[in-house]
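Read through the structure below, which is laid out as structure tokens, and then see the notes.
A, B, C and D label the chains in the order they appear, each numbered from 1.
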Amino acid sequence: MSFLYEPIGLSHYLAVGAFLFVCGIVCMATKRNALGILIGIELVLNGAILNFIGFASPYFRDENLGLDGHLIALFVIVLAAAEAAVALAIALNFYNNHATIDVDRASELKG
Amino acid sequence: MQTLLPYLPSLLAIAVLLPLGSFCAILLGAQWLGAKGKFAGTLATTAVLASTVLSFFSAGIWFTAHPAGAVDHAAHEVPPVITGHGYTLATLAGTNVGINYYIDALTIVMFCLVTFIATCIHFYSTSYMHDELDDVVDQEALLEDGESLHRPGRYARFFQSLSLFCFSMLGLVLSGNYLMTFVFWELVGLCSWFLIGFYVERTTASTAANKAFIVNRIGDFGMLVGMMALWGSLGTLNFGDIDQQQGIFSQVRGEENHYALKVPDGMVRLAAGRQIEALALHATEPLTTEQLAAKVNAEMPVWREANLGYGLLIIAGLGIFCGCVGKSAQFPLHVWLPDAMEGPTPVSALVHSATMVAAGVFLVARSYPIFLPEVLLVVACAGCITLLIGASIALVATDIKRVLAYSTISQLGYMMLALGCGGWAAGVMHLVTHACFKSLLFLGSGSVIHAVQTNEMPQMGGLWRKMPWTAGTMLVGCLAIAGIGIPSVFGLPIGLAGYYSKDLILEQVYAFRSENPLWGSFFFAAAAGGACLTAFYMFRMWFLTFWGEPRAAKRFDRAHESPRVMVVPLVLLAILAVCVAWPAFSWFGLPTLSRSIEQARPAGIWADMHGALWHITLPEESKGHTAAVTSPVGLIELGAALAGIALAALFYAWKVLDPEDVSRSFHPLYHTLYRKWYFDEIYQAVFVRGTMALAHCASLLDRLLIDRLVDGLARLGVGLARLSDLWLDRQGIDGLVNWFAEQTYRLGSALRTLQTGSLRQYVMLIVASTVAMFLLISFWTLALTG
Amino acid sequence: MSELLLAAAQPTINWHTVMFYVTAIFACGFAVVVTTTNNIVRMAFALIVSLAATSGLLFLAGAYFVGAMQLMIYVGGTVVLLIFGVMLTAQKAFITMRTRASDWILGLLVGGALFSILLQLAFLIPQWQSSDYQAAADAELAAYVEKLKADKADGKVITQEQRDELERLEIAADDGMPQRSGEIGLALVGVRADKAQRPDEPGLAGYLLPFEIVSIHLLVVLVGAAYLARARRHSHAGASQ
Amino acid sequence: MDNLALYIVTSLIFMPVVGAIVLLFLPAENKSLLRWFTLAITLLVLLPLLGIAMPGADWLSFQVGDGGVQHVVQLSWIPSFDIQFFLGIDGISFPLLMLTAVISLLAMGASWTIDQYVKSYCVLYLLLLAGMIGVFLSLDFFLFYVFWEVMLLPMYFLIGVWGGPRRQYAAIKFFLYTLVGSVLMLIALLMLYFNSDLRKLSPQQLTASYVAAWDNGGNLLSAEKYKQQLEVSEHAVHTFNILALQQLGQNSDAFDQRLLYGKSVQWWAFVLLFVGFAIKVPSVPLHTWLPDAHVEAPTPISMILAGLLLKMGGYGIIRICYPICPDAGYDLAWLVCSIGVISMVYGALAALAQSDFKRMVAYSSVSHMGYVVLGLGVWSATAGNLFDPTAWNMGVKGALFQMIGHGISSAGMFFMVGVVYDRVHHRDLNQFGGLYGKMPVYTAMAMLLFFAGLGLPGLCGFIGEVFVVLSAWNFSPTLAAIAAAVVILTAGYILWAIQRVYLGPQYHGPHEEALTEINRREMAVAIPLCVLAIVLGVFPAIVFRYMDKTVDRQVTDLTRWTEEVKLPRLRAAEAEADQEVAANEP
């Protein structure tokens, strides 16, 4: 258990961020439910936030992003909220129109 | 008879070739061999009988020249061996590859064993396969309209394959190098394929045959790797020395080294290839090859000290053992053997219990001089796991032949365990005794199946009244395999054949345990527990078949004792199963089994072995024969056997316990055992499906990638030609512009299909292109920097 | 103080690390649950836990304000919104929608490729793999304590300034970073408190403009969302009549 | 008598050509006459070769003790470029010539089913035969190239006219692939020609490589005299003589100039030639012409394709690539071996996935020819192995034997597929079954040939496979282990195919009534193949007998080259690298 004696570093944060990101991607790629895709997007954004905060944290590097990172993370959170609202609205609208939220049915944009 | 010794190889060669002659005769002349090929049976039986006579005659010659007992392992003498050269396949830069022979007491014993059992089974088959003389209605092969299949009988074909098998098996025993061993190894596999798939119309039979062959090929792959390691480093595949040319055994265990195991120079040299190259490249002066060789020889002790080449010897040993795992149905390649029971019962008796599957054990015994302790530990582990898996599945099987098949697997595991623990003679002895009683048991089960026309034990019961001879001989077989005997604590040890060999094995494992407590404890527990399980499942089978009340009245009424030509081999084998291992023969001046085997003990296998990489010590075999070991072990063994028999009787004879109830309360375990630990399912899902998936990938890659690329290139060429055509014909800018417009339109139409409208695909495309872009950029930067 | 010294001399379990691993396992584990489950309700629940755990990670990285925002906006707001969506569209057929195996394989392949690249990148730079912040703070503290001890042995009196300094160092070693919420607030209205000491970059005027843009954007989005969600329901109602 | 032997050798090429011309004057309606005449011509090609194979007649017999070229025919053809009509036989080409003659004869026997345009078919068939014999006989690189091209065109028509439904696609694909290979070969050929210089050879080497020149009167000059002429020449004297090119490649620096990207002429020549030959072999990823061509070609042409044409790739590698460009061969041995192993694995996997009987056999050819490439490439005679040539020797012999064995077994397999295709007109593996009951003799022979393909001991596939695999260990244990693993896949696809086609309760496909036992003509083709499969498996020495000395000699030459030429070069490169390292260290 020697890794418990070591202080963690930026890499660990990046790794967790990458994992959340990829989970989100896979979630987006495999869910047929529109809301599931939305949830995947949330996970992706979370991974991104984690990266920003990791780079901004003074614990890991002297040359950190500092306040910039924090603020970008804040904006991301806010934008995610906005995006969730819009996407939900779209999903509800789609549901009302097609009586389904299966994105595989949503192929009207097919060329 | 000593004067005949020089003719021994020729005698044995004739014994090998006689069945081949019978095979060729039946293959080419089946329609002339009497009515419906009936004479084929006689021909094959005569051939193998002649081989038996020759083998026993050779044994007489051999043991007159080298009396058994004269060589004792206490004396530490090199065993007598006859090696020689048959004929050359190819000459490669001064090295010969050819057919050689290697004859020692082990060869002789195996010859007598194989030919004798084969003769019994040939006699038995002439009656058992009687149906095949006329047209056959195969109930198990259904046509598409649900009718049973009618086909001409294949009596002659059966004996043809049986003859080929005898030839290959005897050749395998006689062969004097690994290449020849491999050749016959494959040939017995082929015969096994023919015989398992004898009822070619049954899909189950041909599938089982394919499974057996392919699983065996997996083992053969390992054997090829082992052979490569040996050939690449030692430049020979011969076992013994032939005409001044050193064989593998003397290179590994040289006389100058007092037959102790040493990594041969060739292996060190091969493993030190990089160092040698550095020597050659970094020498201050250019070296001639001779100078380089001298330098290498000077460095040799240093490299050997650094264990260079040790890994290579391990690979060689493991590779050879891998072949044995396949052939002897050891874990994890044991799955083919139970399915192989699709073949006719005499085949199961000869090929899949007594001889071919024992070939793996034989080869381990033969290659013993080159096995390092590390390899032997792997052998022991494989044997131990196999022993438990086989025994556990046999507990719940209901098909009488499958019980015997799993029991075979388990007993083979015993042999491997013994060999892996350093018990060379114990393993070989169990091989011999097991061949006797297992072929007896299989022939007995064949007799039962012949009488009641089913394999399922729940539909038998009470048969001893109808078939006393079969029941009696099978009881002898069950007692023998359970290892019933009076241990030496009570004075003179005396028992059935299985008692002696199993006792030896347990003693050796016990001695092994005192040197290596951790491994040894597991092994001993498994071996003793396995003995108990063996007794239980064998008597479960016997009680279910012969004891109690008949459970299927119709079948019981039809049952009858088999004809004499089937009973006589049973009785002969039963006699063998009782007394083949008795030491009392020495009172009459005959060679006993244990002394004969002892005579073949390879040079050097009389001292403890220590592993260089892992801490492991293999005790030499006489350490197991001290009173401190034999008395507890004898008691444990007898106790285990009796406990097993008593348990079986509680369940199936006295009906004190209800087996249904037990199986219900341990349902998950019962189910796992019933489904054979899910090995088939797992292998199917992982290996078969995986390979097929890979195969389809390869085929798709061809069609979708390479072909399209080529077609695309061709179209590009055509397009370019058309383009230049336009240019040449001065169709001018207009044509070009139109062409571009059309192409753009086409491109657009083509790209349109990319717009699937599926969100998920978009996501995938984005991610995939991100990955691709990253890879491109990193390659680019790498190319720039480096 | 002697415990501190001992602590500095001897390796002990780094609780920060432990907390990180625990929280990270929660975040990742529930993210996996989100990905694997087919049930949309379970998905939403797992997302809440994963997001909460992520906010824990943000706290551990010293971003208290962002962490709190994450907890409030995301876990509190967005997810509630999502659950609303779930409930509004909750029919039996859509609660669990199975995905084809081929999609799974494809997704896992591509995702695996991406993940392996990202992971490789994350561990590419050796300096990133560990932080010496804690060790440095501990070492500084220990050195200061040593100095004070030496001073005391020499008979000097410890001044108040020295005590304050000691306290500051202890806080630094215990807590890590000072709070940043005030600075963030200032930055949003255009004052960069953290860059005030740097006269060479006077042009960094904070985030007033982005803040305004985001605010307007949010407003527009909300209006748009309300419109989108409303309009259709109206016509639907009309159609049902 | 010597001259008679030379006429006989020359006639091997011209007999089919003359036969083709005679055929033109025969009536097209009399199909049986055309067929028998063509069969007689192929027999006339086989008989002299049999005479050469038999010991006894000193003037004609192949001298097994001689490792060099025998029965040399040498005439000037295009003197201005020193292009000669230069033929010869040695231990590498002779077994392949025998194979060519035998398979051509048997394939002609299988051609009786061709019923359309018989005359054109026979003419093209004989031209193809002439081309193949020419490739194996010619020792002049230009002549080799000419025959290589001569062979191409008849093949294109034979597939494109008499083939199956997608014949045009298959024929064009075959043509394009092979043409690309030829073009690459042509480039390499010219590169080697213009970099060659006969002045760099000693008189002994000139004699050994049969470099000849004629004076104005048309009389042959002696080597010394020619050498003197060369000495005074101011310009380089180029040559197409393969033997002389080999001597130049091994004993001079003629091909060592830098050409592109820091690689030498011979490096590029090797790569181009290897790609050209790898298309023919065929090696993955240049193999996709093969399944299509095989599937679409008529049965006898499939037999020729698999049995003979593929062998030319292997022949080219051992005859041209390695001896002429040893330095590149040494450096690129890993590439050659990897491609061999990849072909083995890939071909076996692809064969496993096929449901078309012929396609499966075609992919098995890809897999089996991978053994050939691997065996030819295992250059084990390195410093690390103390220049021990045994493994390489074994690999080359195994590869050559594999070519012969595969020639027999694959031709046999294609023929067996053809037999059943002629009856039921489909090849879907899943729509067979139960042939064992309907055609027992055919099934027995087919199983034998398939087992030969599987590499079962005692049959012709085994020796080559096992020799190649055993030899590979000294080159690279990993590759060797992968190569050994292919035996599992091979067993898998062949046994599975046997099970689906021959075993099982009944036939379930169309035209069940047409399944009649194999007839006499088909027996006459199948029995020689079966007998050869067994005889070569049990007595491989009858093939090794011819190739032993030549292979020994070539491997010894190249081993000596490694020792005397390559080792100093490696030492120099190593020393340079050391110096660089030393210079970079402050």
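In this section, contacts are C-beta pairs under 8 Å (C-beta built on N, C-alpha and C of every residue); 3 or more make two chains touch, one makes a residue touch a chain.
None of these values were measured; they are calculated from a predicted model.
Chain centroids computed from C-alpha atoms place B closest to the centre of all protein C-alpha atoms shown.
The distance from the centre of subunit B to the centre of subunit D, each centre being the mean of the chain's C-alpha atoms, comes to 38 Å. The geometric centre of subunit B is 60 Å away from that of subunit C, both derived from CA atoms. Between subunit A and subunit B the centroid-to-centroid distance comes to 56 Å (mean Cα coordinates, whole Å).
Centroid to centroid, with C-alpha atoms defining each point, subunit A and subunit C lie 12 Å apart. Touching two or more other chains at once are residues 760, 764, 767 of subunit B. In subunit A, the positions touching at least two other chains are 25, 29-32. Residue positions of subunit C with contacts to 2 or more other chains are 103, 106-107, 110-111, 114.
Taken as a graph of touching chains, this assembly fits none of the simple shapes: it is neither a line, a ring, a star nor a complete graph.
Interface residues of subunit B, counted against subunit A in their complex, comprise 751-760, 763-764, 767. By the touch criterion given at the top, residues 88-95, 141-144, 149, 151, 179, 182-184, 186-187, 190, 193, 197, 200-203, 206-207, 209-210, 213-214, 217-218, 220-221, 224-225, 227-229, 231-232, 235, 269-270, 273-274, 276-277, 280-282, 286, 289, 292-293, 296, 691-692, 694-699, 702, 706-707, 710, 714 of subunit B touch subunit D in their complex.
Taken in their complex, subunit A has these residues touching subunit C: 3-16, 18-27, 29-33, 35-36, 38-40, 42-43, 46, 49-50, 53-54, 56-61, 66-67, 69-71, 73-75, 77-86, 88-93, 95-97, 100-102. Of all residues in subunit A, only 25, 28-32, 37, 103-104, 106-111 touch subunit B in the complex they form.
Within the complex, the subunit C residues that touch subunit A are 11-14, 16-18, 20-21, 24, 27-28, 31-32, 34-35, 40, 43-44, 47, 50-51, 54, 57-58, 61-63, 65-66, 69-70, 73-74, 77-79, 81-82, 84-86, 88-89, 93-94, 97-99, 103-104, 106-108, 110-112, 114-115, 118-119, 121-123, 125, 127-135, 176-177, 180, 183-184, 187-188, 192, 194-195, 207, 210, 214, 217-218, 221-222, 224-226, 228-229, 231-233, 236.
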